Amino acid sequence: MDHRDFRILGLAGSLRQASVHRGIVRAAHEVASEWMSCESFDLARIPYFNQDLEDEGNPEPVKELREKVRACDAVLIATPEYDYAIPGVLTAALDWCLRSRYDPTPFRHKPVGIAGASPGGAGTARGQMVLRQILLHPPAYVMPDPQVLISFSRQKFDLETGDLVDKETRDRLRRFLSALAEWTRRFEEPTKAHQVQTRERSA
Amino acid sequence: MDHRDFRILGLAGSLRQASVHRGIVRAAHEVASEWMSCESFDLARIPYFNQDLEDEGNPEPVKELREKVRACDAVLIATPEYDYAIPGVLTAALDWCLRSRYDPTPFRHKPVGIAGASPGGAGTARGQMVLRQILLHPPAYVMPDPQVLISFSRQKFDLETGDLVDKETRDRLRRFLSALAEWTRRFEEPTKAHQVQTRERSA
Amino acid sequence: MDHRDFRILGLAGSLRQASVHRGIVRAAHEVASEWMSCESFDLARIPYFNQDLEDEGNPEPVKELREKVRACDAVLIATPEYDYAIPGVLTAALDWCLRSRYDPTPFRHKPVGIAGASPGGAGTARGQMVLRQILLHPPAYVMPDPQVLISFSRQKFDLETGDLVDKETRDRLRRFLSALAEWTRRFEEPTKAHQVQTRERSA
Amino acid sequence: MDHRDFRILGLAGSLRQASVHRGIVRAAHEVASEWMSCESFDLARIPYFNQDLEDEGNPEPVKELREKVRACDAVLIATPEYDYAIPGVLTAALDWCLRSRYDPTPFRHKPVGIAGASPGGAGTARGQMVLRQILLHPPAYVMPDPQVLISFSRQKFDLETGDLVDKETRDRLRRFLSALAEWTRRFEEPTKAHQVQTRERSA
């Protein structure tokens, strides 16, 4: 990873056009340092997981999503909480991406940052816990902090467009992305410990 | 509720044809007492939840599902565990059914039984926890026991068809359905406590 | 259960004297209808669970607590959230009470209501989820709603004493206790469904 | 960290003498590479958390435990699952260690490995999820894989002593500890990303 080129893949868990979670992904691209980028992928194109379908080969949008997860340096998942968990569309995308019957999951050891916003005070606290539980499966390397739980979202986003307009929250998102870059950097190279082990095994 | 007519709505969380969870729903219909029935609804027809779509009115399959949940006496959810949680298709169906912006959710105070099967030893333990968390939201009245976590499913189902063939597990499912009928019965009538309260309030 | 005598056992998850959770238990006794009472039991007397200790017979405070849980009509657990879960003292009390090696757990099918307060906006949301997961084990019949998550507790309690002083929250607690009485009532008598089943089995 | 000196602090969540979780901590010391050590700390000495007590200063055993967590390179927590969660004694130890009112928690950014064993097939799956949720709070850097969920423990431990006798499981534990050393190594040094950020901030 060249730090002039830290590529984040941004996935929004909500499908409506004016979603504040789409807004978070857009804002991530805007506030990130110049050596970072945040590309979004629209999950609407992903069908439900169905093993019969998988047996015929992954559908094109699934192939594309898996490829993009594999190619990026880190994934940003911005998701609402629905009913103490996460939306079906995000769950379905993960259902496909976390499969490793024919091909290892691209989420294995992939650095991931999670962000969410809610109109009330809890800021998607329970939903993010469920998402962390899911991402333990591959496992992904989900960044533990700083956490981004944006409460009282109506005061921080433009509700017509979903744009993140609150300056303090934009600054918080910028620091979150810097931390994600650093978190990712930790998983880049084989560590010295790894080298020691390798020597031990070959001895 | 006339006990000659205890109608269960069966939802399978897996879409493949030979799914063992479809098999559980079929077996529920077969093993139930003669005064019970278990009708299934195929979740494949439900789209992802999208608020823009909802604003135009619920799609037909969503209307139908909500109506069936409302009309039944209890819901049986038979679901696999995907990645320590539940599949996107089931999550999406719940996303729609648990909405109450325009219309109260039909899952509010609806008796629900949960069953799951896994090839390994854990029997969907973590997935069922996530489903219980989601169903606390309306809240539904999710039956706490007996729990049906079917481990080592390959020894209990016909893998060609998904049929539940293990006699002991079929007996267990029968007892589970009897318990679900009794659990449902507890929520049928206003209790005397309710009547006392009503008198107190009107006093 | 005579409704002039609905006996709640109140357990506070915090040990400090001015705990707002002790305050919730006291307030429960004050605001309840005249046919209800809420007795508290101080968990400080319960040791950590240790199977070696159990093999010599339950310690006196454990025996007493188990007896009180068994004798009451319902349990009210008022607990803070510590680190996204519940405190060790409450966990330890449950460790002892949920054992059933020598004696069935008194929490089996016992109606339980949960309440919690936090200084911030989340109101013990994550902690209550963990407590519900634990209480699924016996299982207890944990009331699903109304939920009592009291946010911004500093504005609602007297911090010198822990007393619940906010009128609106006291009213909310009163409605919660009425609901708990009704919830309990539902589990009091064998249902007609049970009677039908019994006839079927003996036929 | 000199790799001739990777010091693990081992905490067992069970208090009985012949606990298999004490056995896991002992086995960790035995199977580890010669440049590793695993010292255990007996949690029985830790009182319940009580803020009144904390206000007078941390009790001696708490001070000692916090010091040991701070001084070690990584923490190994070997814990049973009690009632879908973790025992009160471990919870209480974490209650104290995760406090940061007067002093930052020594678990902040501390590498942690989790292991557990159960007599049945689930291998503490639900309990480990709760522990991961708790350790997200500081946050600690909990190793996501390999996971050590030891099922059917009666076949793998000497039940008289708690000793881990199964060779395959001992090998698995050895690999787990090597992975923990490598995981820890990743968090040792400021990354280049960090250095880049530092330059940016001072520019």
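Each chain gets a letter, A, B, C and D, in the order it is written, and its residues are counted from 1.
Throughout what follows, contacts are C-beta pairs under 8 Å (C-beta built on N, C-alpha and C of every residue); 3 or more make two chains touch, one makes a residue touch a chain.
Quantities reported herein were computed from a predicted structural model and do not represent experimental measurements.
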| item | value |
| --- | --- |
| Of B-D and B-C, whichever chain pair has more C-beta contact pairs | B-C |
| Chain at maximum distance from chain C, centres defined as averaged CA atoms | A |
| Geometric centre distance via CA averages, chain D-chain B, whole Å | 38 |
| Between chain D and chain C, distance of the C-alpha-averaged centres to the nearest whole Å | 30 |
| Geometric centre distance via CA averages, chain C-chain B, whole Å | 27 |
| For chain B, residues contacting two or more additional chains | 84, 126, 129, 133, 136 |
| Touching residues (chain side chain D, partner chain A) in the complex | 3, 33, 129, 132-133, 136, 139-142, 144-145, 178, 181-182, 184-187, 191-194, 196-197, 200 |
| Chain D to chain B touching residues, read off their complex | 84, 120-123, 125-126, 129, 151 |
| Residue ranges of chain B in contact with chain A within the complex | 14-17, 44, 48-52, 82-95, 98, 126, 130, 133-134, 136-138 |
